[in-house]
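So, here's a batch of structures to check.
Next, two complexes with chain A in common: one pairs it with chain B, the other with chain C.
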Partner chain A sequence: MSTLDEGPLVARLRTGTEALLSPTTETDRERRRIAALALPFVALAVFGAVVPLVVMFRISVAEEYLTATAGVQFDAWVTLLASILAFVPGVGSAVDADPVYGEVIWNSLWFGAVTTVASVALGIVIAHALEKYDLPGEGLLVTLISFPISLPGIVAAFMMIVWFGKTGLLTNVFVWLGGEASLFPAVTSNEVKLTGRPSGTTIAVFGLFLGYLYSMVPRATFLLRGAYAEVNTDAEAAARALGATPWQTFRYVTLPQIRPGIVGAVILTFRTALAIFGTVLVLKALSVVTFRFDQILKVGYDLPTASALAGLFFFFTVGFTFLSLRFTSAEVTG
Partner chain B sequence: MPERVTLDGVTKRFGDTLAVDDVSVTVEPGETLGLVGPSGCGKTTTLRTVAGFETPSEGAVEFGGQEVTNAPPEARDVGLVFQSYALFDNMTVRENVEFGLKMRSLPKVERAERATDLLELLDIGELADRDPTTLSGGQQQRVGLARALAIEPRVLLLDEPMTGLDAKLKSRLQREIGSLLEDLDVTALYVTHDQAEAMVMCDRIAVMNDGTIEQVGTPDEVYERPANDFVADFVGTSNRLAATARDGRLDFGHATAPAPNGDDGEVTVVVRPEAFELGGGPFSATVRERFYLGEHVRAVAELPDGESLTLRFDPTEAPAAGEEVSLALDTDRVHVLPEP
Partner chain C sequence: MTDAPDRPADAETGTDLPAGPADSDAETDPRTDGGLPAMDGAVPTRDPGAFSQLATALGRPLVVGTVLVTVVFLILPVLATFAASFAHEWAGVLPTFVRDGEFLTLVNWRQALGLTQTDLGAQRGLGGFWTVFGVPIPVTIGFSMLLALGGVVINLLVGVPIAYAVTRYDFYGRGWLNTFAVLPVVPGIILGVAFLKTYSDLPSAVGLMIGYSLLKAPYMVLAVQSSFESMDLRQLEESARSLGASWPRTFLTVVVPNAKTGIVAGAIVCWTLAAAEFNFSYIVYSSGPKPFSLFLFENISNNPFLQAAAAISVYFAIVVVVTALLQAVGQRGFALGGVR
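What follows is the complex of A and B.
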């Protein structure tokens, strides 16, 4: 590039920097305010996301720092992708690989989807009740509902043990009703220690499901309460007067209005479901991605594979959020 | 056939607050009854009680002789028109109008026909496929009205439907909707805080204050013969002058005038600004303020006893501020209230 080409660019940079440091117009001052306000976010993005992601990706292709002798190794990615392919029905049999990663990804996705649907559905019911009716003790109710947000997943798991553990409240009730073998507790035995793969019974997975809901329902509820606050109550009243039952009013008038809130709640809760660790670590009912991380790092300390899995996790989450928001935006502005 | 709507001793309490207090009123078949009053007087609560959104603490609501006090809104066949339009943003104009018919499971063809007829009637046929959020306030209100009328309601309830519209549009819509309601022969309850609007739109007016009805009458009855001080003050501009009625005359202290009826004793005389005419006595007053309002001049004058009078003059003959004027009183247009 010639000096003549660089001239205007350097001049523009200099002018921009000067305007930022000593603003003379309101537009300059506004830019400076934006720059100042964006600074914490930029710092957070660099230190909390960009640098760790780059390092993580680097580790996934070269555990030691890159040297001429070590070079780039794609073994971890190959292992990971082969494992995913091996799990895919139809083509899996043709791939000679352990389908463990395909299995944990599938578990994370289906379990995340099921818990998300349940959490958002419950969130709609609770938000509807809170926003549409004067409930007795509403303040206390809101506090109780918000409580799990500030509790770690381990506590959620503990709650499930209290109910479904070997000496849990419900376990005792079932045992009292049907004898010793009537209920397998939510906490699986030491099978995971032997095989590294928990295969929870239905009731154990149900316990984990409740543990997930414990963390996810409050998040969905509070997001949906915001959406409900924007609902045009006159339109709901008009629908009732026109002959719509409360259910029809919800379906035709309320639901379309809270749809952006629902999509937001789905994004938030699904990402929460993918990220929950403490609950699944304690209950060990299903091997999901976060649980597998723990296994990879505890058992083999396989940093490249953990990094590759984390990278995949990151790109999936970002892609999912991006697509969902784009879809929501299309729905809203459509 | 339009139906009679009756409220019989309707009372509504919210905790310790008495929102509506023993309201009894009848809306005759095909009539438009205006519920007017200041904010918080209970008119919207009364309307919501008729619609079924509030259950009265006491009293009953009847449509055509059938009690509906405890019936849910969807079982009452009422059309609601709101100040906020309350259109369904996720539906087109046509789908909005068809909504009530869809809830009644009417065949699609019949729904479409009725919606087309109503949209044409309200002069918004070309907007049928539009998103209601892209329409002007006046157009949205027409859609709201078409939607409410589509179900052929037993009673049409209008809650401040013109508030928020600009003056010119408001005046045009008032004329159009007024004649439409008359042509359609629908029983309607029209809630507004604007007494002038109620006078244009309604066959009769019920003036509400503090949860009770102060007076029910035709617009001219309420304006010319207010039942009490509140109605005189709320409906239009009025001068309320203390006088002593004796031997067929009203003695104001500084002037006397013939009494319109046989009252005796201390009274309050309600005089509208237009009942005073310039010149001829017996009143004399000093003009203190003068406001040119285009069609007329409004002046505030002071009587010899210090009382203020609001007067209305033709701009060509209006006196200047500071001028002393002689005023005649058209005693056919005064209304005498006995002292409470």
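What follows is the complex of A and C.
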């Protein structure tokens, strides 16, 4: 192809590259600076995320993957999608497939939603108290509440064992209360032992719920603190001066102002909930998607299925995040 | 101050009911005196209803109580774990701290860190020892600290420039770049599955370091960004340039040193979180010295309770030191500008 045949796009790219490499105007120089500043990040994103993800998608449709990746087949995706269809009520009975993946995806979604709602609700209460009340030792409170952010999920699970395990703090309290002169005859120590229960039972799932909250409440709180910091306190003072009760002030003045922050916190906390893995691995209370990866890889090393499930998870998270940030009033404040 | 305003309840509108259809008509009509029509949307009724009065009386104690219960829920098990790691056993309501006249014991710590001569299993699990200035450091712990440090170095090289670019300059695609830089787009476990085949030829350590830097980059970018946002970057850059400094020199010797608070805070937080990263490490690790989080996981799932408590307390100790360091640079705990 001669240079004369160059399309307008190629020509633009060529002049663009030239301007970037040997800029003549100040605007070009600024562009070069921005490119230079962004380059390390883009390089890390390409080598650390884009390349591995492309390889992952390739493996999910590969016939041969153990030594070299070769061939194309969609078995893993077909299995996965059939399984999801088989789980859908109504349609499910017509599909001849094991609904296990549909079930784990459903578990991840409903459990993530429930824990997100609880965490954000608690986060609003805590952020409100930290911002609006003159609590003694507020600095210490902030440090203490932020502490669990540094703990990995497995440690959060261990904290639940410390609370509710066989010799857990709360279990022991009930043993003590329920001794000779039982104060709560109806509540025996056995009923507060939430960990180490068979997977899927209500009581085990409740233990896992608290384990999720342990990780998610501090995150939600600090996301909401960002929203609270931007609240117009003059409007609140005016409402109070005009006779609104504290609840009315919160309901009609504060809440409308922090609503975008709440939506943002819900989106980010839900993402966190979906990605929790260590807590489930230790407590083994509910089969969620992340827990399924462990089973797929540890039993049989079925990489195509794991890759397909991971691909679906990735598409869902990215799609969910960007669509919800785009189409809601969400405000992600720092 | 928290009492309901003392206003005589109007006989007809004293209830807390929303405005009826007849009222809403009046609301949408333009006012006869030429003023603006009434606001749309829910407008509170004048007088607080029963719920509002109850909320006034109980609201604050309830909110403060919720905060206290949450703090106890979050922190008490941490303290209990740390205390129990020095106990002889924990069978009753409280751990046994005194036995045969001996108050507290270090045996759990010794076992967890493989310092007892007889416990070969634990020593193998820790991958032996490095001796630094005569102090034995389990390879697992020392190696993880170095890996996390490697991740932080990559984070510094990547995070500081990108934070400057999106804060200082306005360009096409800036919003997207910012979103990608501050949101962990790929969850750790997905990244782990993706790394399995892609970098299977590299040693586990290299893969882990790249993964750590990618997963923790948002924390660095957020910390540095908050430092940059408190500075007048344009003025700073233009002053330095007008005094004759080249742009790279301006960036390296004027802009970066001014953001050192954010950079230090970001580095500390990234290091700590990388040192205990579990989800990604669990999937990716195959050979070589074991990451610290896997050492914790083995203790939690296989070892006696008190030994696991001691192993976790090692990490608690690290976090406490790090929190103190963060306070020293003016950052309160891990509440890094709304962590994601």
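Convention: the second predicted complex is superposed on the first by the 270 of 334 C-alpha atoms of A that agree within 3 Å, B and C clash if a C-alpha of one lies under 4 Å from a C-alpha of the other, contacts with A are read in each partner's own complex, and residues count from 1 in each chain.
Throughout what follows, a contact is a pair of C-beta atoms (placed from the backbone, for glycine too) under 8 Å apart; a residue touches a chain by one contact, two chains touch by 3 or more.
Remember, predicted model here, so these are calculated numbers, not experimental data.
In the superposition on chain A, A:252 makes contact with both chain B and chain C.
Of the two partners, chain B and chain C, it is C that touches more residues of chain A. Of the two partner chains placed by the overlay, only chain C lies in contact with A:48; chain B stays clear of it. In the superposition on chain A, contact of A:235 is made with chain B only, not with chain C. By the touch criterion defined above, A:244 lies against chain B and chain C together after alignment on the C-alpha atoms of chain A. The interface of chain A with chain B overlaps its interface with chain C at residues 243-245, 248, 252. Within the complex formed with chain A, the chain C residues making contact are 2, 4-5, 7, 42-44, 48, 51-53, 55-56, 59-60, 63-64, 66-67, 70-71, 73-78, 80-81, 84, 90-94, 154, 157-159, 161-162, 164-165, 169, 171, 177, 179-183, 185-191, 193-199, 210-211, 213-214, 217, 222, 225-226, 247, 272-273, 276-279, 282-283, 293, 296-297, 300-301, 305, 308, 312, 315, 319, 322-323, 327, 332-340.
Listing the residues of chain A that touch chain B in their complex gives 232, 234-235, 237-245, 248, 252-253, 256-257. Contacts from chain A toward chain C in the complex involve residues 29-31, 33-34, 36-41, 43-45, 47-49, 51-53, 55-56, 59, 65, 69, 122, 125-126, 128-130, 133, 135, 139, 141-155, 157-163, 165, 167, 169, 172-173, 175-176, 210, 214, 217-219, 222-223, 225-226, 243-248, 251-252, 268, 271-272, 274-275, 277-278, 281-282, 290, 293-294, 297, 303, 306-307, 310, 313-314, 317-318, 321-322, 325, 332-334. By the touch criterion stated above, chain B contacts chain A in their complex at residues 51-53, 72-74, 76-80, 82, 84, 86-90, 99-100, 103-104, 144, 147-148, 151, 157.
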